[in-house]
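Shared chain: chain A. Partners: chain B in the first complex, chain C in the second.
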Partner chain A sequence: MKLRESRSRKVFKAVNMIFILTVCAMIAVPLWMVVITSLSPDKLAAEKGFVLIPEAIDFSSYIRVFKSHGYMRAFLNSLGITVTATAFSMALTTTMAYALSQERLMFRSFLMNAVLITMFLDGGIIPLYMVVRDMKMIDSYGALIFPVAVGTYNLILMRNYFRTLPESLIESARLDGCSELKTLIRIVLPISVPILAAVTLFYAVGHWNRYFEVVMFINKGEKYTLQVLLRQLIFQGESEVTTQVAVNNFKMAVMVVAMLPVLVLYPFIQKYFISGIMLGSVKG
Partner chain B sequence: MKLFLKKFCRQKYIFLLVVPGVVWFAVFKFFPLWYISKAFTDYGTTANPSFTGLDNFRRLVLSPNFLRAFKNTMILSFYNIVIYFPLPILLALSMNELGKKMKKVVQFTVYIPYFFSWVVVGGIFTLMLSPSDGIVNQILQVFGKEPVYFMADSRYFRGVLVGSQVWKEVGYGTVIYIAAISTVDTQLYEAAAVDGAGYIARMWHITLPCIRSTVATVLLLTVSRVLQMFEQIFVMMNDSVKNVADVLKTYSYFEGMQRGDIGYATAIGLFTSAVSLILIISCNIFSKKVLKEDIL
Partner chain C sequence: MKRKMVAFLLTIVLCMSVLFAGCVKDNTRAGIADGTDAMTGNTETVRMQDENSQAGDEEPVKISLCMPQTSWGKSIDSEMMEAFKKVIEEKTNTQIEMISPPSSDYQDRLNVLLTSGEIPDIYVVQSAQDNIPLYGIRGYAAPLNEYLEKDANFDVLKDFDLSAFQVGSELYGVPNDRPMNKIIWVRKDAIDRYGLDIQDEMTTDEFVTEMKKVNQSEMIPFTFPKFLGNFQLFYNFFGAYAGIVQGEDGKYIDGFQTEEMKEAILYIKDLYDQGILDREFITNENSMMREKVFTGKAAAVCDYFYNYLYYLTQSEGVDAYTDFIPIYTLEGPNGHKGNLNESFQNGLCISAKSEHKEKAMEVLSWLFFTDEGVLMTRVGVEGVHYTVENGVITPSAAAADSGYSINVGNLTLAFPVVDQLDFKWGGITDEAYPKQLDIQKISQAPGTIGPKYNITLGVSDLYDKNVATYTSTMNETVVSIVLGNESMEDAYKSYEGFWKSIRGDEMLEELNANQ
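Take a look at the complex of A and B:
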């Protein structure tokens, strides 16, 4: 295949490499600095603002975060909401996607079109707020679970995957007397692990990162999530740890905790995310 | 007949599976649409709201703040489409020239920020661009420049918004294009190489035409999202840059949620949706004509 390794080819390769390395550096360096600064002692962080090369490793800012009642409660709120909301999202999305993938469902195309329309027809922020308010969900965790439960894109992704499953498999399970729900749980879900993993992770990241809905639906400080407290700390200089001047290492430590689940899971999940995108883009 | 009954029974159970989802869509997607009718009332400002016809829309077009928000939305949308949209294509094409292992490492790196919240991304930018101890201003000082308060300077803030958008989402777009490029038939490249086509010629004449439909889809998605941009600005904006960054959705939010003018805020939302729809349809016409792809 390699016909000639000409000079122009070499130049092209070098330029290409420089471009890619620049892009990577612009993404990796800030992240590196955030992590390293969060691990630096107060004096160093206060002096330099940002630490590029670790001189001393020190967990004191993390200890401060985890000792702080406010941040800990927000962290647990975020965690609890993420787990519950993801479970609820998955239950709703899986059942609906499966039903919509089956030809025998009544009004299938009507329902499918209704779902698709919601991607373009959007009431906006205020109408959704009014619905949630009328349902008496303001200031409840439910407001962070129910109104945001289904992502239309995720639903369509999953439905498209279910449609590729061999029909004979589902048919024979049903002829054997399996109920619809049993067929879904015993037959369909075990062979749909890639899409289930991808969509679960999409939802989990979305619920963990949620910020705006929390501010809109929740007014009580004790129900705030970590993202809200991080915003207050960095943009408004308000800290739950009031005795401590919030130096950069403390801010970074809160930030690292706010990205922790994503950072820890990312190496394992990125292939599912990528396969999720591929599944969607091939059949979209 | 027996068969039909059997079929109907099964039908009943699969219908039960779809019911929870249908109820959810009815409550949280379709029911809010009814509240759009508030756009034609003075709801929120008086105790007894009454129908006011197009009053809210008249106020809209006469309000300088609305015109400012509309202008800002258009400018930021334009930057997003012109600057943010082509970058993932460029990056994907360039990554495609790498070895398999290197490609994976790069993909791993550029895709990370997509999973961070806007609070985290905005926070990283705020800290990096801080005038007192941010790394960017430290570098500027080395070159003898005055420190710049990027986050509060209306000359730079739009740049910060576009920059953080690129930083967060360039990897996501890249992964989509890489997936598309991987489906291109490699025989085409071999044939072109035999014909003496250079690497750039191959990119231009084979890769790009083959991923045309993906480009068109992503363009449509980008266009449908630009007017809806909200969370990023909601997180990063402060009063000193409101004049360049207040967009339609943030304007609607502040009018409705903070000033309580629900009718007016809903009218802004309705206007935004209408413009968005026009943009989406024009974008589809554009891709039909130029890219020969019909997405909708």
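Take a look at the complex of A and C:
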């Protein structure tokens, strides 16, 4: 028997749909305009600005992006830093979260508080700069990886997830003679894919979009990441003094290239993404 | 499973080794000139010359040089920046440590460097008139008086008032550009189309009359940048000044609370209400504003004097070519004149802690005060950024792809007047270049250029503490009146409240007492 929906229910669903579509449009339309502008020829991009419907399609902006050594280098820098820093961050976060999730850990409460305190108190950029400088990491990729290796939020998320795992599982692994590391690698990690995927994505997006640390710790253009180059490109046209105008279609093409890896990555781990966050947030 | 694990660990190790390879600070890298395909034989020459100079008697002195990324040869391509650095090293027998923060965040990075005690030997300072005296007081910048006297390249500065860079008699920095000012540019095709009568100088009323002839459904009559400090252009025509100025009796007064200022604001509001002033001016980035003009969407604009060549070439690039006619100044109802004087924007300092101050001054002198250095900083390195083909300068393919463009107008900003060139600019530029130089002379002539007043920091604590909010409140008040959000009376009532809150009268007393 098919239940008839009440009128108020239908109205609610319609309003809901309109609201969701509006929110989607607010996100999709600017993105669409960026893509269309990036595909517009120079003259049209200058004359028409941002348009919804393309008058002509031209890939020359993308050709310029990929031909240019500077952009490709920045892209590879971003890619290299993201891959390495994410791997490093995950290695540290996973082991630390696992240790902090174990009741038997000595000074667990003190260590947890020490971690938590960094969420609320920040020394600021000058002390951080001095630490990085004294570690001889200024103008090195290390400055973009080590000082930002562990995110407290991600650590807590993962530690909470590990605490939801059945204690009996870990106990039986120990009884079978597994060391702590083996237990982590063989038992805990294979059943923690959702949280690993979610935190990996968090780290990857964070490292990919990293900007401030690059500006502060890197001296030379050859080590700049794509995000810095992108900002620089836009600034070139906006500066009070300079009059070099990077044509809009070129700027937009760089933006699309910068967004692409995250856009491509996201759908593949989206299914783990939500479940990972939900599971991690249940137990405090 | 075991194999997968081993493979995974090996991948991690590989990634880490790649990373650590990048972590190693490489001070001995050979730079761009070593075997880069895109470069021409000229670069090879640079490399060979460099080797010769390195083999010379004197050991190169290590100098750290901090400039915005775009100042390293007008390109953000790292290899081109490296080539630029190589030439400085070769010409000055130094080993340059390059610090090239992105232009957009340059001042933030510089402040971190200065505050953390890692002061570069030479550094560019943005908003130089505000920052350089401050850096002098805080011990970041060295006094330059004795070095300037020794080097004839700096003699050109004697024609300029550098008091804004001084604390007492000590000069803590030098400008790296000539003073800048903005005038009004009008498209010639708009003049012809609407029959505008545009003169080098005209009255404020005539300007309104002529701009009203522009059909607003076809063109924006007059576009303007979002930077509200630019309204000083109009204030000048009414004898007003947005800031603390000396009145006729020599005492400091708040220029914003004068009748002249109110008259000027009403004039701007009238331009806005009549649709002459761009309705979207409040969101106009410079790039957007310029694009409106060179594409023919706007008939006139307030912009730098040196952008004549820029507008010509850009309008040609989008098939909207026309000549651009300057209005050097308008004349207000009481005979006041003067275009927008922005004075010196960027400056150069030497670290007070530098162990090689003399050498640092030598580098600074060569780079910014010799024809050769100036040509390189403004146009780039031959064979890298550009080549000369049949006597005409052409951007190299790699440079063009990295956002580099030959900006001739920028060359006219340098202190040495570079008028003897081994190449031609090509296209319309050669013909227009002398006109650009004339525009510079006329727009900066006494009587045509507007006033610029500075209050030296350290004279009044209240002023030092409140100057930033004072400026922003003035701007907010003006924009509120112009956009019609508040009446003149209400807006000034709020402003007077603000003035009291910062103890404005006390601030004036402090300034007057310490004159």
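To be clear about the criterion, the second predicted complex is superposed on the first by the 239 of 284 C-alpha atoms of A that agree within 3 Å, B and C clash if a C-alpha of one lies under 4 Å from a C-alpha of the other, contacts with A are read in each partner's own complex, and residues count from 1 in each chain.
Following the convention adopted for this analysis, a contact is a pair of C-beta atoms (placed from the backbone, for glycine too) under 8 Å apart; a residue touches a chain by one contact, two chains touch by 3 or more.
Note that the structure is a prediction, hence the values are computed from the model and not measured.
Visitor: Return fit or clash for chain B versus chain C, each positioned on chain A through the superposition.
Guide: Clash - chain B and chain C, as placed by superposing on chain A, overlap.
Visitor: Return the chain, chain B or chain C, that is in touch with more residues of chain A.
Guide: Between chain B and chain C, B touches the greater number of residues in chain A.
Visitor: Just chain B (first), just chain C (second), both, or neither: which does A:216 touch?
Guide: In the superposed model, A:216 contacts both chain B and chain C.
Visitor: Once the structures are superposed on A, label A:231 by its partner contacts, choosing first (chain B), second (chain C), both or neither.
Guide: Both chain B and chain C are touched by A:231.
Visitor: Check whether A:125 is in contact with chain B, with chain C, with both or with neither, and answer first, second, both or neither.
Guide: both
Visitor: On the A-aligned overlay, A:67 touches which partner chain: chain B = first, chain C = second, or both, or neither?
Guide: It touches chain C, and chain B stays clear.
Visitor: Identify the partner contact of A:43: answer first if only chain B is touched, second if only chain C is, both if each is, neither if none is.
Guide: After superposition on chain A, A:43 lies in contact with chain C alone.
Visitor: Just chain B (first), just chain C (second), both, or neither: which does A:258 touch?
Guide: A:258 contacts chain B only, not chain C.
Visitor: Quick check for you: in the superposed arrangement, does A:137 touch first (chain B), second (chain C), both or neither?
Guide: second
Visitor: Can you check which stretch of chain C gets into chain B in the overlay, out of 2-10, 38-46, 110-118 or 236-244?
Guide: Answer for the clashing stretch of chain C: 110-118.
Visitor: Let me check the overlay on chain A: which residues of chain A are in contact with chain B and also with chain C?
Guide: Shared contact residues on chain A (touching chain B in one complex, chain C in the other): 91, 125-126, 129-130, 216, 228, 231, 234-235.
Visitor: Which positions of chain C touch chain A when the two form their complex?
Guide: Residues 5, 12, 15-16, 18-20, 22-25, 38, 69-70, 72, 74-79, 81-82, 97-105, 108-109, 112, 115-116, 118, 177, 180, 227, 285-287, 290-291, 295, 304, 307, 310, 314, 317-319, 345-346, 398, 401-405, 407, 409-410.
Visitor: Going by the contact rule set out above, which residues of chain B touch chain A in the complex?
Guide: Interface residues on the chain B side: 7, 10-11, 13-18, 20-22, 24-25, 27-36, 38, 91, 94-95, 97-98, 106-113, 115-120, 122-124, 126-128, 130, 132-135, 138, 167, 170-172, 175-176, 179-180, 183, 190, 193, 198-200, 214, 217, 224, 228, 230-231, 234-236, 238, 249, 252-253, 256-257, 262, 265-266, 269-270, 272-273, 277, 280.
Visitor: Which of the residues in chain A end up touching chain B in this complex?
Guide: Where chain A meets chain B, its residues are 1, 3, 8-9, 12-13, 16, 19-20, 23-24, 26-28, 30-31, 33-34, 48-50, 52, 91-93, 95-96, 98-100, 102, 104-106, 111, 114-115, 118, 120-131, 135, 146-147, 149-150, 155, 174, 179-181, 184, 205, 208-212, 216, 227-228, 230-231, 234-235, 248, 251-252, 255, 258-259, 262, 266-267, 270, 273-274, 277-278, 281-282, 284.
Visitor: Using the touch rule from the top, collect the residues of chain A that touch chain C in their complex.
Guide: Its residues touching chain C are 42-43, 46-47, 64, 67-71, 73, 80, 83-84, 87-88, 91, 125-126, 129-130, 133, 136-137, 139-142, 145, 185, 215-216, 219-224, 228-229, 231-246.
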